[in-house]
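Encoded as structure tokens, the structure appears first; notes follow it.
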Amino acid sequence: MASGKVMAMRDAVARFVHDGDTVVIEGFTHLICFAAGHEIIRQRRRDLTLARLTPDLIYDQMIAAGCARKLVFSWAGNPGVGSLHAFRRALEGKSAGGGGLEIEEYSHFGMVARFSAGAARLPFWPLRNYMGTDLPTANPRIRSVTCPYTGEVLATVPALNPGVTIVHAQRADVAGNTQMWGLLGVQKEAAFASARVIVVVEELVEEDVIRSDPNRTVIPGMIVSAVVVEPWGAHPSYAQGYYDRDNDFYVAWEGVSRDPDRLARYLEEFVYGVPDRAGYMNKQPHLAARLKAKARLSQGVNYGF
Amino acid sequence: MASGKVMAMRDAVARFVHDGDTVVIEGFTHLICFAAGHEIIRQRRRDLTLARLTPDLIYDQMIAAGCARKLVFSWAGNPGVGSLHAFRRALEGKSAGGGGLEIEEYSHFGMVARFSAGAARLPFWPLRNYMGTDLPTANPRIRSVTCPYTGEVLATVPALNPGVTIVHAQRADVAGNTQMWGLLGVQKEAAFASARVIVVVEELVEEDVIRSDPNRTVIPGMIVSAVVVEPWGAHPSYAQGYYDRDNDFYVAWEGVSRDPDRLARYLEEFVYGVPDRAGYMNKQPHLAARLKAKARLSQGVNYGF
Amino acid sequence: MAAVAARELRDGEVVFVGIGLPNLACNLARATHAPNLVLIYESGAVGASPSRLPVSIGDPALVTGSLMVCGMADVFQLFLQNGQINVGFLGGAQVDRYGNINTTVIGRYERPTVRLPGSGGAAEIAVHAQRTLIVAKLNPRAFPERVDFVTSPGQQCGGRGRRELGMPGAGPVKVITDKGVLEADATTGEMVLAALYPGVTADDVQKGVGWPLTRRPRLGAIAPPSATELRLLRDVLDPKGLFLKSKGDGKTE
Amino acid sequence: MAAVAARELRDGEVVFVGIGLPNLACNLARATHAPNLVLIYESGAVGASPSRLPVSIGDPALVTGSLMVCGMADVFQLFLQNGQINVGFLGGAQVDRYGNINTTVIGRYERPTVRLPGSGGAAEIAVHAQRTLIVAKLNPRAFPERVDFVTSPGQQCGGRGRRELGMPGAGPVKVITDKGVLEADATTGEMVLAALYPGVTADDVQKGVGWPLTRRPRLGAIAPPSATELRLLRDVLDPKGLFLKSKGDGKTE
């Protein structure tokens, strides 16, 4: 190994995710790193500020497990299915603790703009938005700025610079040069905005593979702290070209999440009860066959001169 | 043809480039559409505002041919060789007309930010820049804004929204869905900022080719007014995977450009004297053999699920 | 509702699509009068051509074989804020008299009775799409005089209109419900009853709306789904009935 | 000069490279003490591994086999303004007492005697790179007390220092010339003589500088290029002598 960055998930989380951190596990439906969320739960991190456009099932699990002090988000639901009930219990005051979760809420564009500002190391980002909505009342961090050319008043959001961002990707080399395809979400911006970046990949590849198609590289090694090789690490979300989205799991989550006891049993069995993602997959031997991607290869392009 | 967008360069320039327009032919070293510049010269467009980070040889030719009223730019030279002498004569007051070229000057970051603002339809873009330089004195359009969170004063540049942007690319379909690889410059931003977009390609491909690798699409058909198929249209710049940069031409330009008579003879022979790019290439039968790209194919990736 | 929504789309338009009914409506329009409709999902898939009915706006089937995939910064800045989107579909837990939509909370924001998912991309779609179509089933609780929280702005907020507030798009021009269609009044911005499904009366619609509904002098009659529309919806576009539930009265949602 | 510049680079650093001497210096450093140097060109090529000596910062050889290619908005926002660049190389027609650089005009801006190319990316490299190295040949016209136009800011502009002006990077820490090396004084920001090439005197350097040059109490002696450095430069990195012209005195630029 030419690089000290390649490590087990356990070690990456132990070294780079600390109590009290702002943690981002990004990915819009695609490439959401459930494996990292589970390891954070296993290592019992506390007082995290969890930021992400769509908290999804993984943040619902982390909230249920007591990792989160605060949630920064723009859409908190189970896409196409229903609610994130641990999240709702925390806010609707029905949880045992009586709703201990702080929230800071934007729209998708606002969250994207926060990451864009963070990535460019600007303190704010301007956008034409939020006129007529109650969002700025609910969140006084949405402010405005006057254009020095036209006098127009534009909305602003503040930069978001996480302590650690975790990005799941199809492949990377040992130095952390990372390639992704399919939906790219806001991962590039979140990674560049972050103090530390953990890249989790389906496959570790030779540097030559990366160099054969440099336009596919989304995250350069220089900003990457750790590379974790964790096949199926995005399940029940998906990895284009590797495995499909497990819609059955999303549908089933409605019932699990709605019942705190079932949710606790889920965490016991599939998170605390396994040492790592390999253990998680071994418990569900039929998953791979059901979800493995079919081949639909793109043609190569010529980089010659 | 399923689309009325595919047309000859002559028709595209006649329909979409008007006297007095702000015209952008972008491309950073790579994919600079000389063929479009030549057609604009042939059609004797006047009073154009030419905008581009690096005016390069093509804007030197357009200035010499009398197309330009104003130049908006950030680096005006012959890269790796020397000067753009028609440009210099216009500014140094040695041209016959006595320096009739107006200029508006930024740095590269400033020009990129102007296109970014234009593409996002924001009136300005903030950047941390220009402290300590004389550029804002030379160009009062460089202003500042105060961050509503930190109180920091940041530089701003105004949006640039061209009348027409011309982008050279490796391939597109008849609807104008355009794929590029290699250096991407600021073409995407310039195209989205523009009222009209002419895409000029090395190859017109079936929609299936585009759909087989959607992450390579840089410009969507919905913003494209015309698709022109013009192989070798970027010569003496280059098209990755198609032909190499003609460095000999760049070196030779120093002598041509320095002498107004030689420059006039060049335009007579290679621009006015040919009807189109095919004619230009026919005059130089050895170019293709000398510059044609060797094969260096990337591997495909799996888009299956 | 899917068929009525489909008829609102013109060929060649660019539509910002959500999953479920809007997706069905777009695909129905593509299969009938608008073959060149371009579908954009906020996930970044442009010109998708899915081989299966997508169950999420980030479904991998929306990527495979699409015309373009871009990051979300581009979706919001280069497409939506740029003004490229002709039509946006919106829905929500509450829709009010002026087409303001609430997808945030029922009750007080600080201590909600029901915490809804939030804006997602809805707030900016409502601001920027050249026009929006609201799709929602009638119910007086879902159509209050005023929403508890304005997530996505409608035709008027706090007495100020869209132009005055600086919104580029025209906002919600129609509310497509299961009983009739409301339209934004050009002067007041109020959602007024414009058309009815066959066999439905204006009073039926009023029962599902929490404010005194203004009625257009002449109410339109919405044509029932044609045989072609029904066949496409049931046999081709949603054969498993994932989004369309056939009701006892034979109507298709 | 290439060898001296190469020695300034530390292994693992990220360098914003220009064509010509800086490119040679980086490749020499990679071939000797800094194999993990990452080269970024403002054209968007990251981690290039060119199979031929590039003649332009947009040379296709910088793309083929590179680690990443990104658009220029990313180059300036995500790499440079983000603070990822450890070292930037700068040069120019004029360099002054405080390391301010002019690549814009000789004479008045409105009616220049000589119109130079302009900033390119130099202004922002000067602001953001964690440190910059200036490479220029000595000549009193090229090293005036004050430049005609500040394109790229140095250590002090109009009496105000970089911190006060809000610049993130440390600015020009060294000026590498063909006779010696100047360094920025930590307190005054002035470029002072720090080291000499073999056989060169402080007075030789003063002759090429248009202001009274402060000298460090102890001047360093720059080691001549080693046999390895010379061999790499002449035989491997620039075998055609595109950028290195062997001078009569046997020195290599």
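Labels for the chains are A, B, C and D, by order of writing; each one numbers its residues from 1.
Operating definition for what follows: contacts are C-beta pairs under 8 Å (C-beta built on N, C-alpha and C of every residue); 3 or more make two chains touch, one makes a residue touch a chain.
Keep in mind it's a predicted model, so treat the numbers as computed, not measured.
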item: Set of chains whose contacts include both chain D and chain A; value: B
item: A-C compared against B-C, more contacting pairs; value: A-C
item: CA centroid of chain A to CA centroid of chain B, Å; value: 38
item: Inter-centroid spacing, chain C versus chain A (mean Cα positions, whole Å); value: 28
item: Between chain D and chain C, distance of the C-alpha-averaged centres to the nearest whole Å; value: 58
item: Where chain B and chain C are represented by their mean Cα positions, the distance between them in whole Å; value: 40
item: Multi-chain contact residues (two or more partners), chain B; value: 121-122, 127-128, 152, 181-182, 184, 188, 212, 215, 238, 240, 244-245, 293, 296, 303-305
item: Where chain D touches two or more other chains at once, by residue number; value: 45, 60, 63-64, 69-70, 77, 81
item: Touch-based graph of the chains, sorted into line, ring, star, complete or other; value: other
item: Pairwise chain contacts under the document criterion; value: A-B, A-C, A-D, B-C, B-D
item: Residue ranges of chain A touching chain C (in the complex, touch as defined); value: 28-30, 53-54, 73-77, 79-80, 83, 87-88, 91-93, 99, 105-109, 112-113, 115-116, 127-135, 137-138, 152-153, 181-186, 188-189, 238, 240, 244-245, 247, 250, 293, 296
item: Contact set on chain D toward chain B in their complex; value: 19-20, 42-45, 55-60, 63-64, 69-73, 76-77, 80-81, 100, 104, 109, 111-115, 117-124, 126-128, 149-154, 157-158, 160, 162, 165-168
item: Residues of chain B that touch chain C when the two form their complex; value: 119-122, 177, 188, 192, 207, 210-212, 214-215, 217, 220-223, 303-305
item: Of chain A, residues touching chain B in the complex; value: 121-124, 126-128, 141, 143-150, 152, 154, 156, 158, 170, 181-182, 184, 209, 212-213, 215-216, 238, 240-245, 293-305
item: Residue numbers on chain C that touch chain B, as the complex places them; value: 14, 38, 45-47, 49, 60-61, 63-70, 77-78, 81-84
